[in-house]
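Heads up, the thing below is written out as C-alpha cells.
All chains are identified by letter, namely A, B and C, in their written order; residue positions are counted from 1 within each chain.
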Amino acid sequence: MTFVDIIAALSKGAAYTVGVTVACIATGFTVGLAVAVIRRLGWRFAAPLTNVYLAVFRGVPMLVLLFMVFFGLPSLGIQVPPLAAMMLSLGLISGAYLSEVFRGALNAVEPDEILAAQAMGLTRWQTLRCIELPQMLRASVPGMINEFTTVLKYSPFAYTVGIPEIMKQATALVSTTMRGVEIYLAVGLMYFSIYWMLVLGVWTIERCFRVPGLTHR
Amino acid sequence: MMGDLAVLQDVLVYWPEIARGLASTLMLSVIITLTGLIAGIAVFYLTLSSSDVCRRAVQGYISIFIGTPLIVFLFLLYYGLPQWGIKLTPLTVAVLGFTLNVAAYNARYMTTAYNGLDPSEIEAAKAQGFTSRQIFHLMTLPQVLRLSIPALTNQAIQNLKDTSLVFLIQYAEFFAQMQEVALRTFRFFDVYLLTGLVYFILVSVLTNLARRAEMFADLPPASRHNR
Amino acid sequence: MALLEVRHLKKTFGDRAVLDGISFDLEEGGIKAIMGPSGCGKSTLLRCINRLIEPTSGSILFRGQEVTGRDTDVRALRQMIGFVFQNYALYRHLCVLDNVTVGPRKLKRMSRREAEGKALHELQRLNVADLRHSFPSQLSGGQKQRVAIARALAMDPAVLFFDEPTSALDPVMAREVAAVINQLHSENVTVLCVTHDFELARSVADRIIFLRDGRIRAEDTADNLRNHYDDHEIRTFFGPGAAPV
C-alpha cells in the first residue's frame, strides 16, 4: 500500500469532513451574528439569555457537549442525529466565539457614521443593516478565519459519533493495515490542505468585497 | 434532568476514581500550560532569528500546528509510532503533543504583540550597544509577555478544556472517568451534565483569575482580545 | 411664516444648562450662522432641532408644526433636515455614489436607477461627479465635504445644517466651502451653519447669532457685530484685532 493508496482510501472521508465543517460554520455564523445583533440593539430582556449562552458554550469542552447531546439526550428520550449533534456542540461553540469577533468589529464602527445615518432619518434597523453590518463583516475576516480554522480542527471528533469522515476512515484503516505512521501523516496532510483551501476561499470572498481604506491591509 | 439529587448519590459512589481523574486533568493542564509557555517563548525567539532558513522552518512549524487538528498528531504518536516499535505512555504523548501545539499558538500571540511594539525602542537599545540576546530578554520579552497576557491566559483556559480529548488516547483523566461512571450508572445525561458543570466551574474560576492578571498588568484596551 | 421657529429652547445635562432659552427664526431661503466660543452649545442646538438630542423644554416649529412632541415623526423630520457633519461622516464602506444614493433608496424608496440619477445630479452640482466610484478614504478633505453636502441634498431637504464645515480644512479649501454654500444660497437652499470661522460666517450669512453659555447674546450682521457693540464678550470675539479662532 503506497502513500497514494492511503490518500485515496482516506479521501472517502474528506467530503464528510468538509460537510461537517461547513455545517458547523454555518450554524456558528448564523447564531453568532444573531447574538451580536441582539447585543448591539441592547434588548434588555435578551441580555441575560445571551450571557448565559456565551458563558456555557465557552466554558464547557466541545467533546463533553457533544457527548451530552449525542449520548445523553437519548436517555431523556431525545434522539439527535450525528450531524445535528455536531452542530449543537461545535456549531454553537463557534457561534459564541464568533459573536465576540463580531462584537469587537461592531465596536470599531465610527460612531459618527451611525449618527449621520440617524440624522438622515434611517431607522435603527436600517442603520445596522446598511452601515454597521457591512463594515463589521469586512473587519471580522481575520477573526472569522481563526474561528473557522478552529471548527475544522475540532471536526475530527465527529468520528466519535460515527460520522465517516477522514478520522473515522483512518482509524479503520490503521486497524486493518497497522501502518499508523503513514496513515496519520496522510491525515495531517489532508487536514492541512483543507485548512489552506478554507483560508484561501475566505480571502477570495473577502477580495470581492474589499473596500480601499476600510481594513488595514 | 438533575431534578432529583439521586444522581449525586449514584455518582458519589465512584468518587475516588472521579477525584483521581480530576487530579489528572488538572495536572496535565498545568504541565502543558507551563511547557507550552516555555516552548512558546523559545519558538518566538526563533521567529526573530537572523537566519532566513531558521525563520522559515519555524513559520512552517507554527502553520502546520495551527492548520492541523491536535488529535491527528496525538494519534500519530500513540497509535502510529508503535509500528516502528516506539511505545509512549498516554501521558508522554499528551504532554509532547499539547506542548508542540500550544507552543505554536503562544508563539503566534507573542508575534502579534511584538508587531505592536515601538521599533524605535529596539533601535535605541541597539544603538546603546546591547547584544541582540540582551535586547530580547531585557526589552522584547518582558513587553511581549505583558501584552500577551490576555491571549496566553485564554490559551491556558483552552488547555484545560482541551485536555478532555486525551481519553481518546487512553489517558484516564476526568472526562474518561465520568464516561465510565455514565456507563455504570446508566445515567448518561445527568453524568455528562455534571461533567460539563465541573468544567464550567473550573473555567469560570480560571477566567476570573485571568481577568485579575490582566488588571494587574494594566494593559491598554486594544491588546485585550479573545482566544 | 418662517421655516423654523425656535422658542425658549432649553437643554440641561445634569444641572448644567447647555442651552438656556434659545429663540430665533430661520426664513425660507435664508441663511444664518451660529457662532460662539467652544462649549457654548452651538452643536447641541443643531442636534436638538433634528432630535439627535432631546431638548429639555421649549418649542420648535418646523413649517408651523411643533416637532418637540412625543408623537412627532422624528424620522420624517430628519429627512427634511440635511445634516453635514464636521468630519463629514461618510460611510467608509460605500463608494461616493452609494453614499449619496443610500438615503433616497432606503428612505424614499427610489429605485437604484432613479436614485443614481438624482445622486449624479447633486454630485455634478458640487463638481465631484467624476469621483463617484471612489471610496471615502481616497478623497481629500474638501472632496469629502462636497460629497457629504451632495448626500444631504439628495434627500431634497427643506434646510441644510452645517456643523463646523471648515474646521478640518485648510484656508484655501475653507474658502471653497464658502463658495459652495453661497452657490446653494443663490439656488434658494435654506442654511443654518454652526461655525468658529468668522470669515466663513461673514461671507455666507446675512445674520450671525452669537451664542455664549447657552444664551443668544446678539443677532446681527457681521459688520454690526464687529463694529457696533460695547459688550466686552462680543468685542473680544468679533472686534477688530480679535484673535482668529
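Rule of thumb we're sticking to: a residue touches a chain if its C-beta (ideal position, glycine included) is under 8 Å from a C-beta of that chain, and two chains touch if they have at least 3 such contacts.
These figures come from a predicted structure and were not determined experimentally.
Enquirer: Can you tell me which chain lies farthest from subunit B, using the average of the Cα atoms as each chain's centre?
Expert: The most remote chain is C.
Enquirer: Please indicate the chain closest to the centre of the assembly, with centres calculated from CA atoms only.
Expert: A
Enquirer: Quick check: how many Å separate the C-alpha centres of subunit A and subunit B?
Expert: 20
Enquirer: Distance-wise, how many Å sit between the C-alpha centres of subunit A and subunit C, to the nearest whole number?
Expert: 46
Enquirer: Can you compute the centre-to-centre distance for subunit B and subunit C, using the mean CA position of each chain? Integer Å is fine.
Expert: 56
Enquirer: Which residues, counting only subunit A, touch subunit B once they are in their complex?
Expert: Contact set of subunit A toward subunit B: 55-56, 58-65, 67-68, 71-76, 97, 100-101, 104, 146, 149, 152-157, 160, 167, 170-171, 174, 178-181, 183-185, 187-188, 191-192, 195-196.
Enquirer: Going by the contact rule set out above, which residues of subunit A touch subunit C in the complex?
Expert: 110, 112-113, 115-123, 126, 130-131, 134-135, 138, 211-214
Enquirer: Can you list the subunit C residues touching subunit A in their complex?
Expert: Interface residues on the subunit C side: 50, 52, 75-79, 81, 83, 85, 87, 89-94, 102-103, 106-107, 135-138, 151, 155.
Enquirer: Any idea which subunit B residues touch subunit A in the complex?
Expert: 1, 64, 66-73, 75-76, 79-84, 161-162, 164-165, 168, 175, 179, 182, 186-193, 195-196, 199-200, 203-204, 207, 225-227
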